[in-house]
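Structures given as structure tokens follow.
Here come two complexes built around subunit A, the first alongside subunit B, the second alongside subunit C.
Showing the complex of A and B:
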């Protein structure tokens, strides 16, 4: 049934003359190159956050400040970065305190800083480049399906952030011991995993399946060299 | 399973049977259906009757084989819009979303724009191609999903339960689109709980029940509730002074010029179109909406904040199955009772009263949509909260579950719980005490209630 249904679509594609009349505007091409450059920059900066010696961190901090300013000018929300920073700070510092005691807290703070510096370029990329353009650029080096998965994952991030917040709030209202006050006690951490992380994973699986079906119904994977909307 | 081409019909199912597992009952039992050019068929039936499975079978999305024959005429293209448009979007902007199928068909970019614009015109969506999808209303999003199918010119369009998702404006917009498509000889197959809403465009109604597809409409027991004319007023549990509701750094979403109160034992419907701000208002009342300007609001005499009300306030958000996580229904029901130190047998008693006792040992994740909905609501009801906030608690429920939810709400209100529930439709035949109407950017209480109170 699917094969017959797709026949008309294939004829339709032939009729439109794919390949020969692919006249993409220079502005669109430029946008793709800018996205490619952005991807390389993000990869470089995020990797650097983990690998460069401490003495070079101020330079990286400066780069990330520029990215934050640029991201904010593109309507990015600072609240995301602040929340990630605070969550990282609480979890990492608590772990350092529990495992190494008070003496290693400065190392813990440095680890938090490096994680934040690795996160900011990714945030900036999601704000400044469209997911579909990132997907297009990724097809230059990856199979189409992999590029789609990465682009779709980036698109789903804001949705999953909202889901995470709402599930957390629902469970807090149901009396779960997962408010910041309760989470000071590590014995309550499994409750966070049970009643927030597991339901979130279930939602993620359901959503992934629905997106996959929606993509397949619109001929995703039928052509090895798809064209791109600009 | 056999697939043959026929001339007369675009689509024909001939004695198709299907089951999900070899030991499970038949979801579809010798179902036959024919669809010709330009026809509109509506398949209705209770929740879990197999309506969506039938659409998935037609689209070839089921992983298991079926018995019988599915005939698709040569060259016929099918398009499917699933229930919730929000989970089907692949791209971020309107143009890119509609163009997705064209990309996969390798249509050159210079031909895409015209085709995308034409598809958007067919659904009456006149917005910028670069407009972010998140800025569209739910009705517009639904039409966008239809455009994303129309762009590759399907002969048959399948729609999965559009009515429950859309407000009245959205349904009216959809109706005009369907009329246009019929006029263009596009065939339509829609599955729907509420077939009456599509009376104007449907040529043939079918009911799917116990796996059998027969001509006609599914009829469930009529809903009969008494609308209380006078409610004995208990204490006020929620009070608003006049306010402007606005998100930070944005202009007001809506205004309220009057003093609003919710009393013990009341059921108040908060009615407004999709996107009017109902969900955000409910979250603000529960103290979990962080990015809105402070409201002059007192709930149980306190300024709302997450976690301060304990078991006295319950909130059921949309898609309540998200909150289920325990291994059994009984454990799920007992979770909050344990945390708030309340008697655990409240859960057993409520499950018995709701006729869900047999589900106790089952995993909540194996239940039907309606059952999950009811369990999530019951887990809040077992706490006997003083204030219960429900965000569109009836969405997607068939009449049987609809009645059971109402019975539970009426019982809670009789025990003194004040209930505020949101809906995108008026509830004139339901046992609500009164309504708060949110329209044209103004929130106001339906007139009459306070008068009757004063007279009483």
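Showing the complex of A and C:
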């Protein structure tokens, strides 16, 4: 009885486990399709901001308002968009005032509005879609090698960041003029290149060689349909 | 990315790492400087380093496209899919110019000329965008000139730093293909 019960429990656990895996798989696939649709929508809306005639602009503004509301509900921050809009508005309006006088200020404001409308869909995409899903969608259209390169680069980004930070801190302790205060002066940028970027490039050259050898030892590139570690 | 982009895996990985580092550094430097055009500094530097290390026409375009894709994935620049054009267009222009200038000047002048052509493409993209959103030709031209001036300064700074870095890499015996001549 006990053995029978244990077997049943194991079967139940297996069934529920595989069920969960199926559910997770279908949810991930659904999420990837939603991300692909979002990418196409963003591409369409951003391009529309440049190309559509003025009479269709209210419709586009309405779409972008929906995106902003959705983005804000996902805890997105509008700070960057507002900053870009204000800088662009100040530069463009001053140029319009200096060149054309007060007569064409409305046209300048409309141009800046179109730039804002082109920015908002990209901001919404960054707030609403997860990075790994965007990466997965891109692998549908990219060759296997380049998809591997992008995945490896993003996977190794934390390693690169740690290396960069360590080299930077060591060089700061040695007295290099690369602190944020010094870097406001572009004349100190060569020091940043020599002290931080050059050692980092050496690390990247070594790293690329190591990763390439490791991948080739695992028969990378031998099979047209590579397998994935999950 | 057809046969012309058929790099060895090591070269492809180096291009990918450069692209990722470019995007990561750009996101770190963004907003802290507050000067438009500083992205041309990083772009010129890393694109030319890729050219110096990999030494093949097509590597700058590959780096540009990968930078755009990584920026899109990491949501840097908030430009969505259009950020791809921002990174890829100067890279393609630089690659095309290398077809003409590949063996013409010394490495230093080649870097400067190719970098300035990339900057021209970057400023030109802004000019076309300005015209598309309905700005007048005069305002768009002034914006273009300002972009070219600011971006050009950063490009010159970056292009002048590339040859010493490549020479140091060569002296450490890390360049297995010599493109520094």
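The working rule: the second predicted complex is superposed on the first by the 117 of 230 C-alpha atoms of A that agree within 3 Å, B and C clash if a C-alpha of one lies under 4 Å from a C-alpha of the other, contacts with A are read in each partner's own complex, and residues count from 1 in each chain.
To be clear about the criterion, contacts are C-beta pairs under 8 Å (C-beta built on N, C-alpha and C of every residue); 3 or more make two chains touch, one makes a residue touch a chain.
All of these numbers come straight from a predicted model, not from anything done at the bench.
Once chain A of one complex is fitted onto chain A of the other, the partner contacts of A:211 extend to both subunit B and subunit C. With both structures placed on the common chain, the touch criterion links A:172 to subunit B but leaves subunit C unconnected. Legend: residue contacts after superposition of the two complexes on their common chain; A:198 is shown touching both subunit B and subunit C.
Of the two partner chains placed around the shared chain by superposition, subunit C is the only one that A:50 touches, whereas subunit B remains out of contact. Contacts of A:73 after superposition on the shared chain: neither subunit B nor subunit C is touched. By the touch criterion stated above, A:186 is placed in contact with subunit C alone, subunit B being left untouched. In the superposition on chain A, the residues of subunit A contacting both subunit B and subunit C are 131, 152, 194, 198, 202, 207, 211, 215-216, 220-221. Residue ranges on subunit C touching subunit A, taken from their complex, read 1, 5, 8-21, 24, 31-33, 41, 45, 49, 53, 66, 69-70, 72-75, 77-83, 129-130, 132-136, 138-139, 142-143, 154, 157, 161, 164-165, 168-169, 172, 174.
On subunit A, the positions that touch subunit B within their shared complex are 1-2, 4-13, 16-19, 21-25, 28, 130-132, 152, 155, 163, 166-167, 169-177, 179, 194-195, 198-199, 202-203, 206-207, 210-211, 213-223, 225-230. Against subunit C, in their complex, subunit A makes its touches with residues 39, 42-43, 46-47, 49-51, 54, 80-81, 83-84, 91-92, 95-96, 99-100, 104, 107-108, 110-112, 114-115, 118-119, 121-123, 125-126, 131, 134-135, 138, 142-143, 145-146, 149-150, 152-154, 156-157, 160-161, 164, 180, 184, 186, 189-190, 193-194, 197-198, 200-202, 204-205, 207-209, 211-212, 215-216, 220-221. Note for the complex: subunit B touches subunit A at residues 3, 5, 58-61, 70, 72, 74-80, 82, 84, 87-93, 95-96, 99-112, 116, 148-149, 152-153, 283, 286, 288, 306-307, 309-311, 313-315, 317, 322-325, 335-336, 338-340, 365, 379-380.
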